[in-house]
Amino acid sequence: MKKLINKPEDFGRETIEGIILAHPESLKMVNGNFRCLVRADEKKKSKVAISTGGGAGHLPVFLGYVGYGLADGVTVGNVFTSPAFADMYEVGMAIDNGAGVLQLYGNYGGDKMNFAMAAEMLDMEDIRVTEVRGTDDVASAPKGEEDKRRGVAGIFYAYKIAGAAAEKMFNLDEVTRLAQKAVDHTRTMGVALSPCILPEAGKATFTIADDEMELGMGIHGEPGIERTKLMTCDDTVSYMLDKIMRDYEYKAGDEVSVLVNGLGATPKEELYIAYRKVSQILAEKGIGIHRRYIGEFATSLEMAGISVTLFKLDGELKELLDAPAYTPFFQQFR
Amino acid sequence: MKKLINKPEDFGRETIEGIILAHPESLKMVNGNFRCLVRADEKKKSKVAISTGGGAGHLPVFLGYVGYGLADGVTVGNVFTSPAFADMYEVGMAIDNGAGVLQLYGNYGGDKMNFAMAAEMLDMEDIRVTEVRGTDDVASAPKGEEDKRRGVAGIFYAYKIAGAAAEKMFNLDEVTRLAQKAVDHTRTMGVALSPCILPEAGKATFTIADDEMELGMGIHGEPGIERTKLMTCDDTVSYMLDKIMRDYEYKAGDEVSVLVNGLGATPKEELYIAYRKVSQILAEKGIGIHRRYIGEFATSLEMAGISVTLFKLDGELKELLDAPAYTPFFQQFR
Amino acid sequence: MNDNIIGREDIKRMLSSISKVMNDEKDHLTELDSAMGDGDLGISMSKGFQILCDQFDTVEADDLGKLLMKLGMLLNANVPSTMGTLISICFIKAAKIGKGKKELNQEDLALMGQAAVDGVMERGKAKVGDKTMLDALVPAVDALSKAVAEGLALKETFKLAYEKAAEGVETSKKLKAVFGRAAYYGDKSVGSQDSGATAIALIFRGISEAELV
Amino acid sequence: MNDNIIGREDIKRMLSSISKVMNDEKDHLTELDSAMGDGDLGISMSKGFQILCDQFDTVEADDLGKLLMKLGMLLNANVPSTMGTLISICFIKAAKIGKGKKELNQEDLALMGQAAVDGVMERGKAKVGDKTMLDALVPAVDALSKAVAEGLALKETFKLAYEKAAEGVETSKKLKAVFGRAAYYGDKSVGSQDSGATAIALIFRGISEAELV
């Protein structure tokens, strides 16, 4: 296991200690618990609060999306493991501004169970809680079973839209509707070239031959659609966009935002080669691109691979997407 | 070679095509030459222009630092290879605003030769040219021979300082003095855990055992100070800071900016574990930290490893460091 | 034991008794979970109940609902594994029944048991026969309800619940796991007892062995 | 040939002649550079001079300084390898001498040769004896200067320069490489002729074989 870490069991805590040391003006712990982080800036009375969380090992997911115009608090689990509902509850209590809490997170069994319990407990404190789960990974369940799909990099758009709506002081129902609409408008497909290594396990999450890639693999190494010989970047992108475009309506004249995400080890150069092809394919189909995000938005430690996300826009989504946002891991000022 | 690319020989061009397609409002080519990129925003009359460049494969170095508050133009070579002086000349011609050009780049033989020729040619066009080279890598030559040192991630600070000075409409001598001062105040030390693969060569730049790391290795895989068994992150950071602190004066009460840079494959989690240790060591020594930059600032394709840079501040450097800057790869708004 | 009524001190004694049992059976649980899981159950159960005992006095609440809520959260925050979470859910669900009460009568206990079963089924989606902790919890709670309805004394009630839980563990041997890590073993899981069900039986053993006031 | 004066058309013919030679000797250069380098020299030289010929007419400049400058840049932008860069430097340095002139006389040529040598030494830091292209270029330029001083005709001058360059290539066989990729071979480089020096000799061969106007 080739990592620059200390004791594997300290990996999660030390990561967050580093983040808090680096960004004290942006993030702070709740009750000194490193698993519970909230925005460090002034709370805004009557603003809907957005709570997120999930397993560690995916930076900037999830804590990197806590900040102005995005989420308000996050609960961090162990690597690839759901955090505890007691911690989620503490975060919910800490971020509530009297306007209710939207729990926005990825659609995984453990997280679902824990967030449901947290919601129940917040409810007992008379805090209204709604839930939206990211389900953007088209490779994880067939069309028609969207609610079984995993949440991957495309959850970024749900944060962005819901967070902007909350900053605009929309009410909980409206923020929830927009978050769900963002999820419904988002489609992601990913490929993996190499596995990652969980610090405590010390071995690769899966094995793959030197000349192979896995199409549709999940960000925890969940099996994908098929394993093939390594394809060119252009062919890979064509394959991914084909899967995405078959899954949702896109037609000439439509506008989308594009997210090309690196899973960890893949260099930015390759992300741009992939974006080049995405851009060419969409141009051929007459689909406009409004805002592109190219970089690491949801990772799997040092896994090599990429995902491509299309976020279909309409007037209201576009306006919210364009709103500013600021966290130590993501800035959009124009 | 596990990469998401098309033909290896198209790697450089396709990367830049992707970048131009993604960021047309920020970057444009000179004469349709993908190796010559300049800022796409309005030119500012009488502003000193900053020209940079070097081999590809280091994103965001170098083209990622072309934008407001940083450099004005860049010449991009093949992977790890100097660009041609004719292209550097074209960039210099395109960015000059009548106030002269500072050529600011990393201290490598090929780049040095080519930038010298470009300067000579710009001189024939009556454009005043000055030069400053990044020499921050303490591992690459002993103290006293700073001018033989390689430029690595710390060149970021030289861009930041010189770029801010140029936006403030300082003259060429002043911008040059400040760029050189930034270089003189910067010390970097890096470690590599795994090699990268040049797309055209198709094989690793060096070999290293599964339980080894190389201390002081350069960003092209140049040999470092020693090869050791894989150390803990804390021990590695202590070693690096020890080398840096022996090389330059740092005392209680001093203020520095810290840059923890990932070389490519190393996850952000590990960068923050490293920052945690940097922060602890500096706190023990009574050295203050003003601004920290944690992420990928100078990479070697998919090499695993990190570098740590200290940038010693004084009043004038601090003010320039705090100035805003904006490129598709780097944003600082506050 | 005061008129089959449970107070704060009784809960403390039950937890201390469970903690002792879990500590004694730690290696056994580890062994069971290692065979069909990741082997953490012995540690998580003994650690979890130890923490509840250690921290019990720091939880200031006369309202037993609040007390159970805090204990559930304490367990959950410290033992986020599957069984830690499910038992925490039992605490939280029971807490709702206990809300506002300084004492719990037998009917309360029966309702709490049922709420715990419902909570685990609602959140975990498993049912009896899936070779999970439910295979011990459900018969134990059923026995509890039945004993309460029949007006048995508390001591007797807990003893019956434990016996039924232990029978459930035996039954689980014949079942095939479809939830949790054991599900990876498929047919190979048949023949060995479910570790989560075993932990539930141990909890009831602890309760039944507690010296209540 | 017009009174030992070189004009725009002469330069075009020289380049075309060099291009022909480079094309003929492409495989030979590739072979030499493969033995002690990366094997790209044959391609880069033949491609480089081909481009100069192809693009020559697009370069509108009566000022021969400007013409040489543009040609040097064209070569450099298209052939950024070491020899491509060094020959481009020769063009740029010569261009400075030719600045403002529509014709070049023999003195100009001698000055240009010397400027090229100085430029390569200044930028590349190598010197004669380091087994580089300088081992051909320096004797050739010296011969050129000497012939000009002695008042020899241009045709004769170029022939002498080529001969000296070719001798330089022979000399290079005995030397050990300390610059460029060949330096990696250390002592093993002794015995084979330097590929860059060979390319220089071929350039002078091309010049000497050109039919000037």
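Descriptive notes on the structure:
Order of writing sets the chain letters: A, B, C and D. Residues in each chain are counted from 1.
In this section, a residue touches a chain if its C-beta (ideal position, glycine included) is under 8 Å from a C-beta of that chain, and two chains touch if they have at least 3 such contacts.
These figures come from a predicted structure and were not determined experimentally.
Chain A and chain D have CA centres that are 59 Å apart. The geometric centre of chain A is 30 Å away from that of chain B, both derived from CA atoms. If you average the CA atoms of chain B and of chain D, the two centres end up 36 Å from each other.
Taken as a graph of touching chains, this assembly forms an open line, each chain in contact only with its neighbours along the path. All chain pairs that touch, listed by label, are A-B, A-C, B-D. On the side of chain A, the complex with chain B involves touching residues 2-7, 11, 14-19, 21-22, 56-57, 59-60, 191, 193-194, 210, 230, 232-234, 236, 264-276, 279, 292, 294, 296, 299, 301-302, 304-306, 326, 329, 331, 333. Residues of chain A that touch chain C in their complex: 33, 35, 77-78, 81-87, 89, 113-114, 116-117, 120-121, 124.
Note for the complex: chain D touches chain B at residues 69, 72-74, 76-77, 80, 84-85, 88-89, 92, 96, 123-124.
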